[in-house]
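Below you'll find a set of structures to go through.
Shared between the two complexes below is chain A, which pairs with chain B and chain C, respectively.
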Partner chain A sequence: MTGDPARERRKIRCVSRMKEIMTRYYIEAKTAADNGRKVAWITSGGPVEPLIAMDVIPVYPENHGAMIGAAKMGRDLCEKAEAMGYSSDLCAYARADIGAAPIDGGPIGGLPRPDMLVCCNNICGTVLKWYEIQARAFDVPLFVLDTPVCHTGCSDAARRYVAGQIREYIGFLEAVCGRPMDYERMAAVGRLSIEGQRLWQAVLDTAIHRPAPLSAFDAFFHLALIVTLRGTQTAVDYYRELLAEMRQRIAEGIGAVAEERYRLLWDNLPIWYRTRWLSERFAAHGACLVADTYTSAWCSSLPYLDENDFIASMAEGYTRIYLNLGIDQMAEAVIGMIDKYAVDGLVMHSNRSCKPYSLGQHDIQRIVAERRGLPTLMIEADMVDPRAFSESQVETRIDAFMEMIKARGPRGEGA
Partner chain B sequence: MISAGIDVGSISTKAALVQDGRLVHSVVIATGYNARRAADNVFEAVVSGAGLRAPDVARIVATGYGRNSVVFADRTVTEITCHAAGAYFTDPAVRCVIDIGGQDSKAIALDEDGRVRDFVMNDKCAAGTGRFLEVMARALEVDLEAFGEMAREADRPAKISSLCTVFAESEVISLIAQGEVRANIIAGIHDSIAARVAAMARRIGVTPPVMMTGGVARNSGVVEALARQIGDSIVVTEFAQINGALGAALLAAG
Partner chain C sequence: MFQLDPLFSRIAADPLAYARQWKADTGCPVIGTLCSYAPEEIIAAAGGLPLRLLTTGAGDQGADAHLQAYSCSLVRGALSDWLQGRLAALDGTVFAHTCDSMQRLSDIWRLASRDRFHADVLWPATVTAPGAEAYGVELLKDFAAAYGRYFNTDVDDSALTSTVRLYNRIRGRLRQLYALRRERPGLVPGRDWLAVMRAAMVMDRQALAEALDAMAAALAEQSAPAFEGKRLVLAGGVCEAPAIYEIIEGAGGEVVWDDLCTGWRYAAGQIEETEEVWTALARRYLRRSVCPAKHAGLTSRADELIAAARQAQADGVIFLYLKFCDPHLFDYPYLKQRLGDAGLPCLMVELEEPRAAAGQLRTRCEAFIEML
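Let's turn to the complex of A and B:
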């Protein structure tokens, strides 16, 4: 099969390298017990660095949920969880994980059995009950890290409260692993974590360029390592390679979309089972989703992290992540991205699964309209459960939104 | 030049012919299960009804849910843009269009030039759509056409609290069982649909004058309930149901 040469040229070469790394990571995780290593299941926003420093393999049920969604296995596993008695209103990551765990379901034959669970509620409240359920099911210890919501800022009391828990967290790991924390190693992991996050931010920032060398749909894919292997040399090396490729694409004028005319900002998690369809639908209108609020969440607390004292700065860094902010601060972040990436409009995925992400979207939409005069497209769907997605409805909304954007003309060309 | 607009909706299919900036003829038929055949039939009917032949029509734009089924159209445009164009043509003063169709309801904000400034559509739910009214008409054994007239006789509109069409139908059935008069139930149904659509429209800001389009605009009960909800009068023209097709024909003329 000979592809269209321009299309071939647009393909990101690092994709195959990423697939290799992820395959090796999951093989290592699934054979951990044979190699005398421990596995911890951890929430996507959880502090992973102490695990890496203790040589524990972190495994992310949410990353697994994304894989289940992308493999279009979400419906079946959600229905299995519903048959177990869980409500269809529950987060589809939670349902997919709960449905997959007892039968080793999903695209990789289930996750490796955990030796411990680490749950941080900086992303949502659902993870508390979800992790309690799995801790009971696997009969393993659970550590809960409670991060108060930063409605207007991060108070001193909140910082001390979380810092105290970080110390308890390390004590928990020492008890489960039966050996003390090596603080020198921990400091090195902290530096690698910050370096990885800086590189990830630099990769995302290449989309400031017109045409953007990568789209949010690409970022959804390349995100995997900053989530799962944050704090490792592997992640740092990979993002350095990816950044070099993006800079090369800029030099050669290669855009993510064939003819980028309109630039849009995506809000909320991807619709994992429809990323390609959505990407093509927007590209057909000459529109590129150049940035998103989701993938940047794994580097948004960089200003609060200190590479010379990572452990001490973790409390604030992990408390101030996007989903743990008040709506006014979220709107500020969205407006910051609108300006930085010079977008013509906002696309919001009202995600049935993710309540903390979807609550407040109408307010953010209003604030964006008032402050920047930009229109918003609201897509009602779900990140993993395709029963909440209606193709013809979404298609009409995208087409109508793009007709409106075209009638207004791109912002970059002045109007 | 003669241009045509074909609007294939979930319940009915509409066609309009425009010549030199004038509406020449329009036809409405039921869509049925075969959208492609409905498009063929409506086009044939509108052309022959105007005393023309198909080759006389220079350009065709298709819109509505079945727009991609209109294989003979030159291009497709969404119903948002078409309704805006149709409303602006009928009354250039209009700044907000509320369209209640078979499976969709939408509010469109227009700028002074009739372009879409913003729009919002109902979520994945039949409440606040024409289908909701159809289900209720069946439960009440009343011809939907008579709904507007009957609602006028209401002295105390019933409260329909459920947002879900299926549960609202059960609510209506239990109101019937309790002996509530039909006029009050119908008025309650109109209030329910109007409250939902008005709440949606407020998200983009309702600037008068407001025009209502779509088949449901022929139901004076809904129009009056909606006017009460938004606190302003609502413009309804005789072209309400064919407004999308009219807009499509105008856009086809370029």
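Let's turn to the complex of A and C:
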């Protein structure tokens, strides 16, 4: 549709650039073997920088899972995994990947075959089991970076334990690649990683402005590079460009939704097969999801990373990420975002696929209500498997929630 | 005919009543644990009573305010027990990091119980990592220090050394009983076996060691009729379905071995008494029969299960899983395939409410045993 000039104006121009970069990235990954390059499958919270420094192409089954979900291929691939004996209660990213791998299924004809697997359990215990399964299926070496949970903090013992594993990780890469790590290059990659994270945070922070130039739904899309190409110049250049566009939108008064009256915070992974529908549903009420706990998680350990000694700071940086914290610390982060982005309410996706993200949401909801008096909408769904989503039920709940928000009036207006 | 010491059945029937009495008698703290990776030796060395929590069976009232429906019955039931005051006898709780649900349960529990001792013993997930042992020693010492600060006590090396000896004696006896179970199926009926294992995770450990010694001595003089039925291995997480044994026995089978968190995985692993005590203790936890939430290589769980099943001359394996137990459910297709390759049939039963699952269990187990 090109009939609505205001709608055209609201479209983010960088989207096409992003699609180009991701297409090139996947072509490069899929032709890696022809070009003598190695491919590592890695978890979304995993330490990608040493791979970049070793010229290994990182591939993210979780990003693939998101693409499968967005392409509405989740149900079919999850059912394939279930036919292989995997319970339908297991993580849908894992099921979709396990179902897709043997048949090269999914929107891009499957992921390139891995030469190695790198699993960091800072996001969940599921990845440990998932990567064990794929390491057996592909018969390739698996490296596990084990990051103890920071329920109330990160002990010195845990820090030393993870630091030791970072050294082992580099040794593992050197063995698989058959060449030594170039530490100068590693330092450069570390600096680019931090620069990329800062730029991404700056992009997200433009949503502090009213109206927000981008929404969480936009962030879900533009997130791909900070996950997949963190530590590259490509990611840095792209986020610089995106940041410039966001600032331009602010200057021109362009908001992500037509008439932003209410500002909301999203918690948990996206519902990939319904992002557009949800975005339009909220926008119809004049509500913009201005921020989310998910896309900002890739900058959550910036305070612990040191651009002048990246390797040494990696242990703490990768251990203290958002999902690896206790829920009271997560609630603190949510409250910080509520204040920073001046939101009127919280929308929580209770995601059957992600226990570390979802169990504890009720407590976070309670803490937010006690401390900030904000209402919460809980949406029961799954990030990839649409069988756990009831459109009519969610629609009714969104409408009821928005009526409540409207009755309270926008929190930050005139403030 | 073997007669079980009624003490075991009494404790198994109401572990909390026992704990209350123990506390009244000793004046010492009772510490709940939710996992066989909780370092009980340290609690016991400091004078506390480590009490393994399962669910009391009183339901999951109140759990909905904290946990979604897609968490397992153990996590929901234990939280309900805690919130509803059924665990009032506890002076504290120790979580040992395993699965995602337990990780979050620990947070929820901690926030709901600020007036009690709470500790997370964050064992490595990769038990074979080169740094796992050094880290394990440090986390055990950190835990002992935190415990000592809270209860104003001290765990010194000599107290730990003698407690380690006591635990070796207990686990050695349990393993002896396991061997007996394999060699003379039916000697100890399943319901008695379940009572012994439940009580073993509750009782005053000195009294337990004595009761197990007496049981072993009594069994040595017993003979069991030659067993002609089907020999089964029970595998999974916690066994909260007491009906399972009666159903299996009723269908002409006997459980001759298990791979359960509330069974063999608790009994497995001697602590080396000639080594430095903290290192030896950490090693035992890292090297014992592994939980699926831990990583000890790609084939270790299947290798171990097949070896145990072969040694027990098993006719088949029954997997008893709690619904929503991710680590076990992820392992199942591979274990099934490996067992199949080894000529061992298996059955998997996923239980939503294990204590009320007799009907479901009966139909499936009977059909499976008949097929063997």
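As a working rule, the second predicted complex is superposed on the first by the 411 of 415 C-alpha atoms of A that agree within 3 Å, B and C clash if a C-alpha of one lies under 4 Å from a C-alpha of the other, contacts with A are read in each partner's own complex, and residues count from 1 in each chain.
Operating definition for what follows: contacts are C-beta pairs under 8 Å (C-beta built on N, C-alpha and C of every residue); 3 or more make two chains touch, one makes a residue touch a chain.
The model shown is predicted, which means the values in this text are computed figures rather than measured ones.
The partner that reaches more residues of chain A, of the two candidates chain B and chain C, is C. Residue contacts after overlaying the shared chain place A:Gln393 against chain B, while chain C stays out of touching range. Of the two partner chains, chain B is the only one that A:Pro375 touches; chain C does not reach it.
In the superposition on chain A, contact of A:His362 is made with both chain B and chain C.
In the overlay built on the shared chain, the residue A:Ala407 is in contact with chain B alone; chain C does not reach it. Judged by the touch definition given at the top, the superposed model places A:Arg160 against chain C, while chain B stays out of reach.
In the superposition on chain A, contact of A:Asp339 is made with neither chain B nor chain C. Under the contact criterion defined above, the residues of chain A that touch both chain B in one complex and chain C in the other are 350, 362, 380. Of all residues in chain A, those touching chain B in their complex are 350, 362, 365, 369, 375, 378, 380, 388, 390, 392-393, 396-397, 399-401, 403-404, 407-408. Residues 65-68, 70-71, 97-101, 103-108, 110-111, 120, 122, 124-126, 129-132, 134-135, 138-139, 142, 292-293, 295, 298-299, 323-324, 326-327, 329-334, 336, 350 of chain C touch chain A in their complex.
Interface residues of chain A facing chain C in the complex, by the touch rule stated above, are 84-87, 89-91, 94, 121, 124-126, 128-130, 132-133, 135-136, 142, 144, 146, 148-149, 151-152, 155-158, 160-161, 164-165, 168, 326-328, 350, 352, 355-356, 358-363, 380. In the complex of the two chains, the chain B residues touching chain A come out as 65, 76-81, 104, 115-121, 123-124, 203.
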